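Common to both upcoming complexes is chain A, partnered first by chain B, then by chain C.
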Partner chain A sequence: MTLTLFLEQIVNGIILGSMYAIMGAGLALIYGTMRILNFAHGEFYMLGGFFVFFLFAQQGLNPVPAVIIAVAGVALVAAIVQRLTVHVLLKREGWAFSTIAATLGVSIFLQNLALALWGERFQSVPYFVDGLLQVGEFRLPWQRVLIFVVAVAVMGVMAYVLRYTRFGWAVRATAQDPEAAAVVGVPAARIHTMTFALGAALAAVAAALLAPVFAVNPWMGLPLIIKAFVVVVLGGLGSFPGAIAGGFLLGIVEAVGITLTSSEWRDVIAFGMMILFLWVRPWGLFGVKER
Partner chain B sequence: MFDPLAPQGRLAVAALVLALLVLPLVWHDTYVLHLVILSMIFGAFAVAWNLATGFAGLKTFGHHAFFGIGAYFSALVSKDFEITPWITAPVAGLVAACAGLVVALPVLRIRSVPHVAMVTLGFAEIVRVLLTVFRETTRGEMGLWGIPAFDGFTLPVIGEVVFNAAEKVPYYYVAALLFLGTVYATVRMVKSPVGLALVAIRDSQDAAESLGINLTRYKLLVFSASAFAVGLLGAFYAHYILLLTPSSVLGLDLMILVIGMTLIGGVGTLFGPILGAFVLTIGVEAMRGVGEYRMLIYGALIVIVVMFMPRGLVALLDGLGPRFGFGRGVRLATSDDAPRPG
Partner chain C sequence: MLEVRGLDVKYGDVQVLWDINLTVGAGEVVAVMGPNGSGKSTILKAIIGLVRSAAGTITLDGRPIAGQPAHAMAGLGVSLVLERRRLFAQMTVLENVRMGAFHPAVRSREKERLEWVESLFPILRERRGQLAGRMSGGEQQMVAIARGLMSGPRLLMMDEPFLGLAPRIVDQIVDIIRRINGEGIAVLFNEQNVHLSFSNAHRGYLLESGRIVLEGSGLAMLEHEMVKRVYLGT
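On to the complex of A and B.
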């Protein structure tokens, strides 16, 4: 193993980690505001992949509008799903479990809807940008550079929105106390729906960027949602900065881990790390200890 | 609250058990028997999962790990060391129970439902990936075959009993034994003081603890008991189907199937998971015409039941409830639902 190769692995780990971070951040945002674990998150990712495939690979749209339309489409689907299921269940007793069960059902439904509509073929999406970035012996496809740049930009925008806009204030107020937020005029229910859609949109962004790297198929969401679970556990469930840190941490640890063992061990490393974390620090890196 | 088998209900239960036991004598269709065998396996699986989730309130999403561990352990040991499955299957149950203790340890410290869901699911995924990675032993996704069937034996009145693919009846009775055994043990446990302790834990861990219930002991007990049953069922499955792949016995699909059965039947009731398992296993076969849409309908069904029938199908039996004593009084809520923000 040469140093260059090792460096390439680490860089790839960081890039993949940025995608885990985006997935995890969506999940964390939803958990943070509603305290629900969204099992259908992987299927929003899958829908994002298919939408990009149709718009970009099939219709030949320019990648920028294609990705924007795909992400907006997923956000719309997510908003509808939230209104029909989570929104109703949140008002009932036992919602912590029933929302998991309902989103699990939604996940199976969407997965098999995609299978019925679009078939089980693995669809490939061409790279948005071609070519390689080469520095000395170090090589990196521009597509991966693009993934990283977009991911960082999205994180920056999200952080700005949450911190400095009225919408962001409303989200954080609702997360802290929906009733108190409602008293001062924040429409908590609408904020819930919007946050759910926003979280799903983040998954769709990750899917759009990763679609050219991994193939698009009805089951593509499952590995990613499980990784997103690991990320939010590492970062602390519901913590946006935690999810970002957790995503990069997971990406790097996986990259180092598989250079030491083999790529088959990737998932073992990820889940092992999650269980270890749950054991010693269940509230994660950034989470607050709560029982 | 727990009166699942009221005196009036005993007759109905006895009739159902009798029907189950005489079925293979009157209906020889191999396919029908196969369906009922699968229904019994999944029914018992759902009952065992429901013991942890519905009664003790430990919302796990990783019980398929125990099914897979039981199946692979029994299959590999009986195959490679030529030990009879009659011995390896119960041992596989014990191995699964030990695995259950390992999973229960982190779960002891966490109360938030999402965290428990993720740690249990993560454990199952680790087991699945490990079985895929060690393909020299397990053959990974290529499939483990050549698993020995149960050894035949001779009974005094009936004569020789052999286990092979063509002859379902012996398997049927072993499955019935496991099914009825699991259900009986669960009923006994739920109706005993242990069951009351479990429900107390589900309804409020703090209140239960303040009444002197040892949370650690009961959680470990329920986890290992439930894992033992599921591991044993997995072992039976291995020696019945005779072909294992990590995705068939350890895929999330299997867990979703069992969760769906329990939710649709009625979580937290004694009869619900059984009803759900039979209705879905046989119903899904009846829907063969719709083939590829089965899982689509399945997903929609889970959502609909959660939304509109949170008590499951057994709620429909409530009209008969007082008379037959079927499951009543389900409560999904626990005090451990993370407090609404604020």
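On to the complex of A and C.
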């Protein structure tokens, strides 16, 4: 193998890693604020893919508004889902298990809804931008450059929001101590709904960007949510920066791993790394060791 | 100002408070003293709306507030410093303090209140950028009180403000309570120690197994036969 090919693999790993990071960050935000595992996260990703397919590939909308509308649409669906399920269950006892059952139910519902609406075929979405970036021997499709740029921009905006806006402060405060947050006037229920919608919107961003690469079908969310869980374990449950770091780490390790072996080993490498982390550092890269 | 009448609280099927009657007048310091598990915290949590009352009324200036969500109370002038500080550990000191002015009704006065609480606790200005979780217990208590004051409350409630603090720090917190009260803010606090409770309060209540068994002025409580016999062993 040439050095250039190896370099291309690493760059592809970083780009895919940025998508894992965004998926994981959404899951981590939701877990961080509500302490629930959102098993429907992959289906919000899938909905994002289908919305882009519908608006861009079928209706011929310009990709920029298509992606924005798709992401906003997924956020809206997620907000409604949260109000109807998680919001109700969080007030009752046994919510740790009931929310798992409920989000799993939402996941199955959305998969079958997509199946009924769009069928089981893989629907392909054209690239938003054509052509290749070429530097000497090194080649990279512009679509992948676009994925990376948008991903980094989204992470930057999210970091800014969490650090400097009232909403961000409310999210962090609620995540760290819900009672103390309530006492100073943070309406936890509203923050929960908004965070759930935001987490789903992040999944939709990833889907919108990856739709041209992977094609769209009702079960497309499954591999991604599993990777997102790996990312969240690597980064530390509920940690936003941890999920970002975990995403890139997973992307790069997968890329190096399959370069050294073959692509069938991708998931073995991912889960091998997760098991290793659970073994030696179960609180993850950025998590806090529980006493 | 604050009036609690016939308050009952249940956790599931277990009743923890029975027929609590308690008042706090404007500008008054009131202590609720009782042993561990007697339900002191629950009284404060019921007032702020973190736990629901099963019976009774809670009024603030004659207006009923029972059943209001906890996040509305900061806007009504009632603040609670939770037991064991409960800071946002991964946020900075400044962020923690500023969170105290989160409620929309008090947001506009954040700047002047920040100056005020930093003049009460000069150490907070020096430590603005430090993560709250990395501070000592006494410093954390100051951050927690400062956060509670940022909404400009008329009533500041403190759940065991002296818990786990060194005697020197306890004196500081006592002094701070005096100064807060000196600004006309009413204070309602919980404590397990008889002296700390009643020598620092205008009035006091003695709570046993979820019932108020005695009330009176701070001095009268200190001198009362029952308090002396049971809690001071004289």
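Of note:
The rule we apply is simple: the second predicted complex is superposed on the first by the 290 of 291 C-alpha atoms of A that agree within 3 Å, B and C clash if a C-alpha of one lies under 4 Å from a C-alpha of the other, contacts with A are read in each partner's own complex, and residues count from 1 in each chain.
Operating definition for what follows: a residue touches a chain if its C-beta (ideal position, glycine included) is under 8 Å from a C-beta of that chain, and two chains touch if they have at least 3 such contacts.
The structure presented is a predicted model; accordingly, all values stated were derived computationally and were not measured.
Contact with chain C, but none with chain B, is seen for A:Arg166 once the two complexes are overlaid on the shared chain. After overlaying the two complexes on the shared chain, residue contacts for A:Pro187 are found with chain C alone; chain B is out of touch.
In the overlay built on the shared chain, the residue A:Gly272 is in contact with chain B alone; chain C does not reach it. In the superposition on chain A, A:Glu179 makes contact with both chain B and chain C.
Once the two complexes are overlaid on the shared chain, A:Ala101 sits against chain B while remaining clear of chain C. Once the two complexes are overlaid on the shared chain, A:Trp118 sits clear of chain B and of chain C alike. Comparing chain C and chain B on the residues of chain A they touch gives the larger count to B.
Residues 176-177, 179-180 of chain A are contacted both by chain B in one complex and by chain C in the other.
On the chain A side of its complex with chain B, the touching residues are 31, 33, 35-37, 84-85, 88-89, 92-98, 100-102, 104-113, 115-116, 174-180, 222, 226, 229-230, 233, 237, 264-265, 267-268, 271-272, 274-275, 278-279, 282, 290-291.
Residues of chain B that touch chain A in their complex: 59, 61, 105-106, 109-115, 117-119, 121-123, 125-126, 129-130, 132-133, 252, 256, 259-260, 263, 292-293, 295-296, 298-303, 306-307, 310, 331-334, 336-338, 340-342. Residue ranges on chain A touching chain C, taken from their complex, read 166, 169-170, 172-173, 176-177, 179-188.
Those residues of chain C lying in contact with chain A across their complex are 48, 50, 69-75, 79-80, 82, 86-91, 95, 98-104, 106, 147, 150-151.
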